[in-house]
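All chains are identified by letter, namely A, B, C and D, in their written order; residue positions are counted from 1 within each chain.
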């Protein structure tokens, strides 16, 4: 008689999933979390551009969508290398791998937590930076939509890079080398959408392409992250 | 290749010790059973159905405690335990079960303190607490007695005996006997003769 | 070990192929260079600078071909855990990266006399630039971890993710290109290719392929020897 | 038939392109061959010693 593990019958996978999300969101905003870091980087880095490019409103307005999106992308990137590495270092990655949810589910939960805890604040604050950069009035709506539709791909693709470099000391630089080329489509479509609105052109086509890029990232992100994490467990 | 031709069966209520010098594959075998490693040859069977790596049924039946203590320093011991239980079952941990578990290793006073203030001995005991508040049939313990004083060794032995009496199974990779009798495997007998790598030469 | 995966067997096969590769390389290179310079006319618009095309286009083709070799090796690593296949990825990547760099450099050298600028952000060239970064990432991962076979498997995952994203990157860059350069720029190997321009292109492509086979086989021997060295050193340590 | 040297202003670019390609490909080939020879020599140096007198130290 093997003592049946009583917990199997009533394991609630959704309970596990949202448990991980809550835990990671809380850790991201607690001591040593990456939430505040990404947000402050986003604010500071965008304000650097007027110093570099000059305060002329027309120039700023022209480059505003591109600058906001590139800096948001970099802010997301610098918060990614701790996504799995923190758990890997203190050994809780072993427990995550043992969860009945399966490593793919765990990866999806952690990606959602990263998006909510680190990327969403960037989206919320972006209109303020839009003002700083003299973004044309009509473009604020599309900027927000493009950030909401496009940034999930940043977390999903970034998660793959983070999982691949989890056992690499100082993996942050390597992570950006791996992930930035894969960010190109998202960046192009997103800025294309905001430029379209600024140029009074219908942005639905670029936004649709942006959504497609995010959906593809959703399909391969968690699965590939799980495979890469399994590597580090061996 | 770390070991080969190794095979054993473990029945409910039995304890198996893994002996052998460091690097002889004790931890590797434990991690293999836990499902972290890929098996080159042979199978891992429960009853009559084989388990594969990453197989959810496998992970719901075992508790694994490795060398490093999987605790988040920012969270308190209670929160860590709560998160681990939710991770493994999706439900909250009962406060009574948690209190009893803390009591086993004398950690009751530390339940609501952030783990980052704990000494390494306290962290190790906090990690062992998982065997008390998680109900799983198979325990995999990697050097459980490291850094335990005699009183806590007794507590651990008692916990293990209770688990065995309830029909549970334990595999422990350790050198010193905790005082709980059980079968023993010496990894030295299974060192690979011709390692897979030889084929490269 | 798999039947074919035995390193000694691979070396024997390589030694049989190498002389042929050298022969084909020499022949096609000499004839290709001859055709490129003496055997084909200058272009009526660009004049002599079109000759750069006979190096630039085959290099771009090889850049793509090598990445497919890397992706293929990565795929076999995951489906059959083939010990030699993963080395094939590691051997092919530097060659691919070299060809990608050459495609970019010769493209720039071709752009300057033809359009006055070294870099045009033309759709195809930008995709090759992104491909170059994918190569760098792949090679960087191989060197990033202590245990080589783990690094190899991580690199293989990246290569597979890269090959899935390559068409999307190519499409997005082309889409972006049409957005910013509505004027139809003269395409690098535009419609004006006359028959006698095809021959040097074809010859140089063969020469580059033969070169690939030659250097790839030597790099495979190199990787096999390196693996043997690490096994020897490890066995020396563990006694 | 064109004369190789009267390509006018475009000459340096064409020669440059072929030159860069030649240098890069030859360099890669030579590096690969030399690295392989060195590794093969190292393997030979370590392997026979291991067979004849396995406990001889590493030279």
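Here are some notes:
Going forward, a contact is a pair of C-beta atoms (placed from the backbone, for glycine too) under 8 Å apart; a residue touches a chain by one contact, two chains touch by 3 or more.
Computed from a predicted structure; not experimentally measured.
The most centrally placed chain, judged by C-alpha centroids, is A. In terms of C-beta pairs in contact, the better-connected of the chain pairs A-B and C-D is A-B. The distance from the centre of subunit A to the centre of subunit B, with each centre set as the mean of the Cα atoms, comes to 35 Å.
Centres computed as Cα averages put subunit C at a distance of 17 Å from subunit D.
The distance from the centre of subunit B to the centre of subunit D, with each centre set as the mean of the Cα atoms, comes to 52 Å. Centre-to-centre, using mean CA coordinates, subunit A is 32 Å away from subunit C. Residue numbers of subunit A whose C-beta contacts span two or more other chains: 234. Multi-chain contact residues of subunit C, defined as those touching 2 or more other chains: 228, 232, 235. Shown for subunit B are the residues in touch with two or more other chains, namely 201. For subunit A in complex with subunit B, the residues that touch the partner chain are 1-8, 10-16, 19-20, 23, 27, 30-32, 90-92, 94-103, 230, 233-234. On the side of subunit A, the complex with subunit C involves touching residues 160, 164-165, 167-168, 171, 174, 177-178, 180-182, 184-185, 188-189, 192, 195, 209, 213, 216, 220, 224, 227-228, 231-232, 234.
Those residues of subunit D lying in contact with subunit C across their complex are 1-2, 4, 7-11, 13-14, 16-18, 20-21, 24-25, 28-29, 32-33, 35-36, 39-40, 42-43, 46-47, 50, 58. Across the complex, subunit C meets subunit D through its residues 33, 37-38, 41-42, 47-49, 51-52, 55-56, 59, 94-95, 98, 101-102, 105-106, 109-110, 112-113, 211, 214-215, 218-219, 221-222, 225-226, 228-229, 232-233, 235-236.
The touching residues of subunit C, counted against subunit A in their complex, run 130, 133-134, 136-137, 140-141, 144-145, 150, 153-154, 157-158, 161-162, 164-165, 168-169, 171-173, 175-176, 179.
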